[in-house]
Structure formats: C-alpha cells, structure tokens
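Here the chain labels run A, B and C in written order, and each chain numbers its own residues starting at 1.
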Amino acid sequence: MARVNLEGVTKRYGDVTAVDDMNLDIEHGEFITLVGPSGCGKSTTMETIAGLTKPTGGTVTIGDLDVTTLPPKDRGIAMVFQNIALFPHMDVYDNISFGLRLRNYSKEEIDRRVEDAADKVQLVGMLDRMPDEMSGGQRQRVAIARAIVREPDVFLMDEPLANLDAKLRVHMRTVLQRLHKEMDTTIIYVTHDQAEAMTMSDRIAVIDAGELQQIAPPLTCYNEPANLFVAGFIGSPSMNTLAGEVTDTGWVSQNGNIQIDFDPAELGLSPGDRPTMGVRPEDVYTSEKADTVTHPTQSLPATTDVLEPMGDEIFVYLLTDDIGAEKMALSEAEQENQLLMSVSPDSTIEEDQRVDVVLDRSKIHFFDAKSGEAIAHGIEDLAGVESASTAEAEGDD
Amino acid sequence: MFDSFRTVTRQLVGGEDHRTSADSDDEIRTDGGVAESRRRTGSSGGVLKAVRDRFGEDFLESTPFWLPTFLLMSLFVYGSIGWNFLISLTDFEGFAQEPDYSNLDFEMYVQAVTSEAVQTAVVNTFALLVAFTVVCLAFGMVLAILVDRGIRFENTFRTIYLLPMSLSFVVTAQFWLWMYNPTNGIVNMFFGVFGLGPYDFIGNPNLVLAAVIFALVWQFSGYTMVVYLASLRAIPTEHYEAAQVDGASTVKMYWRVIVPQLKNATISASVVLMVFALKAFDFLYSLVGNFRPPNGSDILATKMVREAFQNQNWAYGSAIAVLLFALALAIIGPYLFHQYKHDNL
Amino acid sequence: MSTKTNKSTADRLFEVDYYRVALYGTLVVMLAFFLAPIETGIVTSFKTQTAVAETLPFLPAGGEGFTLSKWNTAIDVLSRGLLNSLAFAVPATLLSGLLGSITAYGLTLVNWRGQVAVLTLFVAGIFIPYQAVLVPLSKFWGVYVQLGKSLGFFWATTGISKDYAALIELTVTHVAYGLPMCTILFRSYYKSMSTEMMEAARLDGATLRKIYQRIVFPLSKPMFAVVFIYQFTQIWNDLLFALILVSSSSSPAAPIVLILSGLGSSMEGTDFALRMAGAFTAAIPTLIVYILFGDKFAKGVAS
C-alpha cells in the first residue's frame, strides 16, 4: 500500500528556505492537492517526494520504504508535468512506452499496457501521431498515459492543467477524477488554482511561505480556515476581513460602524484585544433578507459603491465609512473597511445607495490579528453579555 | 568507455550494489517486467560519498561526459598558458631542445617593455583594436537597421553582407592586396575620380594600418549586422508603434527608443570583435607571406610569432605572448565576470 | 513573422516613395562594397599578365586577355593542400562537434554544483589569443610528443610519409581549441531544452547516458548543423596553427592556406591573377558551405 509520509521535510537553497518542516501523512488511494500561491514551496515539496530534489532535512516515506535518498526511478512514482514535457522526436506510442522499453519489458507487455493506458485517456487511434500534430489537451493526455503505463504506486502531478485553456481545464478535471476512481492509486496534485483544489481533492494541503497552513477536506478549509491565510486563499472572491477591537459587549470595527455583540470572555478575549473579523461575501445579507438568516446580527449601516454583476449573482462593494457619495478614490483605511456582499441577480440594489446589512452569526470568524490563527468559527451560540451562557468555540490551532 | 568508468565509480562508491529483495516496487513488476537492481546510495560510505554530497547527486555519473574533454581543453589552453609563462621567465632561445628552468627571472619582460619595437606594436594593437571595433559596430548597426526596414530580398542582402566572414584571412588578404595595389587597384581608381592618389596603401607606413582596419571592417561588419539584427528582431513592434504614436521622427525613434535597447548586443559583439582583431595575425602574415608584416602595421600578435618562430627567441616571444594575453584578459575578464555574476553563461 | 510586422511598421514610416528609393539605393551601394573585392578577384583570375596591367580591374578581359592558365597553375599547386586541409578539417570538425555536444550535455542538463565554474573556464577558452599558447604548443608536438617517431610503426607499415603526422597534430590541436566554442554553442541550445523533459525521462528510469542517446542527441540535429558549419569554416580558414605545426609550405602535409599565403610572389613582382585564382581555389569549400547553409552560419556567429 502506498502511503506517503513526509516527516519534517525541509529544503533550503542557501539562505532561502523553500520548505520548512513539512509534515504530511497521505493515505493510500487519497487524492490530495498541495495548493498555495506561486513560490510557496508546493512544487519543491512535490520534488522531494519525486526525488528530483533532495531535502536538506527530514524523511520521505513511500509505502514502508524510506525513499529520502533513492533516485526518482526507484520510488514507484510517476509524474505529470506542467509543460507536458513530451519527447518531441518520438510518436505517441514511443512516448508512452519510453519508460517500459528502458526497463526491458517484453513487447507484448508494452503493447498491452500502452493500449490500456491509451484507452483510459481516450487516445486510441492516435498512437502514431507526433506531439506537434496534437492539441494541448491531447498532449497532456499522452503525458498522463505515460504516467499510467508505469502502473505507479503514487501519481505526482505538478500543475498539469495550468497550460491548458479554461474550457479544456474543466474537462481535464473530470478526466483526472474518473482516472482516480478507476485506478485506486494515490494522487498528489500541485496547483495554485484553489478552484481546482476544491473540486478534485479528498483533502487539500494549503501551503504558504514553505509552511503547511492547513490540511483538511476542501469544505473544512472553506468553512473553518485555520488561519487568515487560508481564509483569504480558499474561496473566490476572498473572505472579507476587517480589523477591529474587542469591547465589553462584543467586537467593533475600526471605524466603529460595525458592531457584533457577544461575550468576549467566552472566546477567551478581553476588552482591548484586536482580533480580525472575517465573513464571506455570501454570508452578508441586506436587512430585508434578515428573516431568512437563522442567526442574524444587528443591522449595520453601509453605502453601496460598485456593483459587479456576474450573471448568477451580483457582488456589491459596501462602504462602511460615512463618506460622501461623490468620492472618487478610497483611502487605505476606507478600503480596509470595505465589505463585499453577494446578492441574488434579481436584486434591485443600485450603486451609491444607503443600505442596511446583517451578517450571519454562524458564519462569522475571528482570527488573531498578529499570528493569524483562528479564534472562532461561528458565534451563533454566544449570547450577548446580558445573558451569558455556555459558549462553543471551534477554533483550530 | 562510459560503461567501464561507471563500473569503477560504482565500486568506489562503496561497492554496495545491493538489492532490496521484496519491496513494493517488485510487486508491480510481477507481470512480465524485468525487475532491476536497486542501489541505495544513502547507506554507502567512502570519500566519494562526500564528493557526491558536496557536488550533488549526478556529479560522479556526469563526469564521463565533461571531464575528459575538460582535461583535454585545459591541458591545451590553461596548461599551455602556464607553461608559456614559465618559458617566458627563462632565457630559452635558438635550437636548444628544452628551456633551462633553473634560472628564472623577468628579464625578458624588462627587455620587451623597454623595446621600442614592442611599444610601437602595443600602440598599433590598441589602435587596431579600438578603431576596428568602433567602426565595425557603427557600420554594422547601420546595416542592421537598413536591413530591418522590411525590405524585399532581405535574405539576399543579409547573405551577401555576411559573405566575407566565411572567407579565410589568407584569402581576403589576397583580395585586398589587389584592391589596394597602386597601379590598377580599385581603391586607387576610386580616389583617382576625385583627383587624389595614387596611394601605396600597403607600402606607406602611415596608411597601412588604416588600410588593414578598413579591410577587416569589410570582412566583419556583416557579423555585427547579424548580431544587431537578432537584437532588433527581439524588440517588440509595440515600441516602434508607441514611438510613432508619440510623434517621434524615424531618426529620433531609433536614437531614443531602439538604439538604447541594443546595449547588450553591443557589449557582446565588441568582445567578439576584439577577439577577431587579436587574430588579425593571419591577415597581416598573408599580405606579405612573411613573418614581418608591412612596415607600420606590426602588432603584438605578429611581433610575438616573429620573435619566437623566425628569430627563435622563444622566451622573448613567450613574454610578448603573456603581454598580449594580459591585454586580452583586461578586455574579456570584466565581460566574463559580468556574465558569470548574472548567470548568463 | 517578425519580418511581416516590421514591414507593416516600415510601410507606414516610408509612405513617401523617395525614402524607399534612398533605402534601396544605399543597400545596393553596400552590396557593391561587399562584393567589389570578390568581383575584381574573379575577373582578374581569368586575365593574362598583360591584361591585368592594361584592363580595368573590375571588368573581365575578352579575347587575347582571357586565360585559364592561372586557374590551372593554382589548382596544380594547391590540390595537394586542398586534400591535406580536408584530411584534418573534416575529422577535427566532426570530433569537436560531437565532443562539444557531450560536454555541454554534462555541464547543462545534468544537475551538479560547480558547473558554472567549469563552464567559465570553457568560455574563457574561446577568447584566448592563441599566441599565448604557441611556443608550448610547438614544443609539445615538436619535442615531447613526436608523432613522427612515436607512431613510427604506423608510418613504416603503411608507407605513409612521416610528414603527415602534422595532420594528426593539427586535428588534435583544432579539436582541443575548438572545444570551448562547440561546448558553448551546444550549451546555449541545451539551456532552452525543457528540464521537465529530462526529469520525465529520469523518472522513467533512464540513465544519463540513455537520456543523451535517446533524447538529447536526436534533438540536437539542428545545432549539429550549425556547429559543424561554423567549426569547418574556422578550421579550414586557420593559418596560425598550420604555420606553427607544419614546417613549411613545401611540406607534403601543408594545408591549403599555408601554400596560398606564399603563392604568386616572386622576385619579378606579384602575379595577381595567380593569387586571385589561388584565393578562390582555397575559398571554394567554405564558399560552398556558406552558400548552401548560409542561414546556419549566420545562426552560429550570432550566438
């Protein structure tokens, strides 16, 4: 069984630490995605699994075998690259069978495996084409077939869809998911595209600055982000985050216009603390809709600024500061106090309009402003100060 | 050769070419594939393990590819330069088989530096180097801009402009000897049209260097053109269009927008041109078929070869060679260092 | 492609016709400048001694003044050199190209520290003025490694004159000094090759040697053409090593440029017609290569 285990993997290039003390435990048959902004160390992490890079410290285990110092070819892995990396002077058959021929498999065995792989990725009948006669999507399927024929324990995929156009990318996602279902192998997938990560994975590992931020199923990362980075990175558009201060009766935003009532003591906060409040655009409602929300906050005054109709929803930029409607550019502080709201497309909301909004208390997050760590996800069970009761804080740490 | 080398390195690496018997990898190979040996480098000891750690995974395996040629090249290039320097410290001359290395001094350098002939050669070398490079760059840039103007038959023009560069110095020297000849050479006929001349370009010590430079420019401006052309082609069309939209005239557009972007091409072309200029020996030798070039055109390169191979002043020639080498180093060194720093090699 | 876009830019810039006229005028004058020495060389090579003196240098001589005798003489004298030059230029070109490719592979597509230092030494090797190695080089071949003697058995059994040892010396010498250039040309090509492709091959279990044989070498064909053409031209045209390693132009092993450098001068003056005919004979191989593969030559010099 091919469990993949990274223990304290660290990679330094001179003074630069690309990967810092990475611990991952990947189950057999799992589809796991390493996601993060470019330069975050996700590709380096994968390279240490592939053996293309030797870690400065830590161990990599595949199955029961410590492979930290093994060359790539002996690790029972196959890899699909972003730039597809087909051999341009070989036809599809030769490309797919290259690794098998090097290992002196019998002709029949090679033929069987190549046909099988071609069948899996729908390349039947194209085996004698040259790479430059094929479309980008076809070439990427050849690259995947090249990995399949090796019948590896673990598939590594380094942004395999990044060079394809948007439509093809969506199609290839389903190809990969189906493949995963059929083949019962571990797939480790690297991408900077959080949507790709959300849609395909069993779990996603969010990485930033060489460090693992959170590893959890996609919806957990979305609903209960471990810290501010994950909150901002997962989900599009990003979660609203506002700086503010804890008072005796709850939390108030920097400009004093957004107030949320709860007993700070129940979250272990005391007046004067400055946690950051986070709420996703879809959890902000106009006050007419307040009755559809189970745990609404009190009404908060705001002004609409710019609208972005997306077709299936409208994004409304709200200004929570008391500023004139004619203002052209926002100051930095005013931008920080902006709130993005998603409303249904039939809404009659207009630009530069006074509007009262409510937040869904069960979807409000608090983060420590300094460390970024989550303090609470959802405060619907926290009573106001007057009627203090038992609290439930689901803060990850 | 590669195979035997690899076997040797493998044994040196610790001889631990052991297989791991039943492992997950073998499971998937039971269907007809040939399981292969698995080498665990991690557990191998020895000095070469340290080498591997120091220089990287592939260091040992890669040596058969580059080390033999590197040694051959180093022996001939750097070994010779070192040996040449050693010889320059001796008094080696005449028909002696081997220099006497017991008594080393800088006497030859003193002789060379104080010699008027060497001083003249240094001045000539510099004049040739600078004038040739500058004129070649300027002329080549003009040619490149002209050819880049979207002309028809561009390939034909370019091919012919570059043609002289494919010829040997020995061949072009013959051509220019004939071009420059005072009685019925084309150059003198050209001056004759303006009522000037005839001049004995090769025989007149005041003219010969300029004449040689002109011939070399003829031979190598095609090269600068090609370099600049490649650089011009890399400039996005938007730059031309932006300059036009801003209302720049053609001349202004080139001077302000395009030429500044040719800086890198200019630097690399200059370095190569200077190297060509240092090899002008072949041309000067062929003009006369003799170690002594025409009066007034003696450069360090010709002086060195003459002293060593005609007069058999081996040590003296070597000393001049070291001076020439130092001159080349002064030009190339900063360039190479710059390239090295910017990882451009 | 870029020509096309430039053309449209240029079209707009040169809307007035006389710009174009001046442009083409200048280009044609330049053409004349570059071709004049060659043209006058060709017509002169077909002239008798008197015609050389009496006709215009750039016009061909007709009737009495026309002769093929200079070409006959030149070819007679130079054919030996032509063969000698081929005998070392061809193997030296092939060897330095192949070795350069292998070296560049080991220094570019393979991962180890210290490559840049080794490469710097190769690059510096391109720019060395050969004068700095001439004395040791001549002593090396002349005193320490005397192929004429050490390969005595070979000369004796084959009956080939010992003088031809110079051709082997020239081959080795040109390979050694050509390596830096060949290596760097291949390196610039290999740098643009996808490292992911190499990694893919490695994951497939290919050794460094297999990667070179199956992938890098087959993909290097266009660069081999460039390098071979550049190297052949350089080696064929070189006089300095020939002069130092071959005792004199009368040696049976004398390369063509060496014989040419002394051709046509005598006590009575210079026989220009003979010199021109000789110059063209010596230039023919490189001219053929240039005319057939001019674009590749341009590529070689540009990088």
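Note that in this section a residue touches a chain if its C-beta (ideal position, glycine included) is under 8 Å from a C-beta of that chain, and two chains touch if they have at least 3 such contacts.
Not measured: the values here are computed from a predicted model.
Enquirer: Indicate the lowest number of steps between chain B and chain C, counting one step per move to a touching chain.
Expert: Contact-graph shortest path, chain B to chain C, evaluates to 1.
Enquirer: Mind having a look at which chain is the central one, using mean CA positions?
Expert: The most central chain here turns out to be B.
Enquirer: Report, in whole Å, the distance between the mean C-alpha point of chain B and the mean C-alpha point of chain C.
Expert: From the centre of chain B to the centre of chain C is 14 Å.
Enquirer: Using Cα averages as centroids, what's the distance between chain A and chain C in whole Å?
Expert: It comes to 58 Å between the two C-alpha centres.
Enquirer: Take the average of all CA coordinates in chain A, do the same for chain B, and state the distance between these two points in whole angstrom.
Expert: It comes to 52 Å between the two C-alpha centres.
Enquirer: Listing for chain A: what residues touch at least two other chains?
Expert: As it turns out, chain A has residues touching two or more other chains at 71, 103.
Enquirer: Got the chain C residues that touch at least 2 other chains?
Expert: Within chain C, residues 205 contact more than one other chain.
Enquirer: What are the residue numbers in chain B that touch two or more other chains?
Expert: Residue numbers touching two or more other chains: 36, 57.
Enquirer: Spell out the part of chain B that touches chain C in their complex, as residue ranges.
Expert: 2, 36, 54-59, 61-67, 69-70, 72-81, 83-84, 87, 97-98, 143, 146-151, 154-155, 157-179, 181, 183-186, 189, 218, 222-223, 226-227, 229-230, 233, 237, 240-241, 244, 250, 271, 275, 278-279, 281-282, 285-286, 289, 300-301, 304-305, 308-309, 314, 317-318, 320-322, 324-325, 328, 332, 336, 339-340, 343, 345
Enquirer: Enumerate the contact residues on chain A facing chain C in the complex.
Expert: 50, 52, 71-73, 77-79, 81-89, 98-99, 102-103, 143, 146, 150
Enquirer: Hey, which residues of chain C end up touching chain A in the complex?
Expert: It is residues 194, 196-197, 199-206, 210, 214-215, 218-219 of chain C that touch chain A.
Enquirer: In the complex formed with chain B, which residues of chain C make contact?
Expert: Within the complex, chain C touches chain B at residues 2-3, 5-14, 23-24, 26-27, 30-31, 33-38, 40-41, 44, 52-53, 56-58, 99-100, 102-103, 105-107, 110-114, 116, 118-140, 143, 173, 175-177, 179-180, 183, 187, 205, 207-209, 212, 233, 236-240, 243-244, 257, 260-263, 265, 270, 272, 275-276, 278-280, 282-283, 286-287, 289-290, 294-295, 297-298, 301-302.
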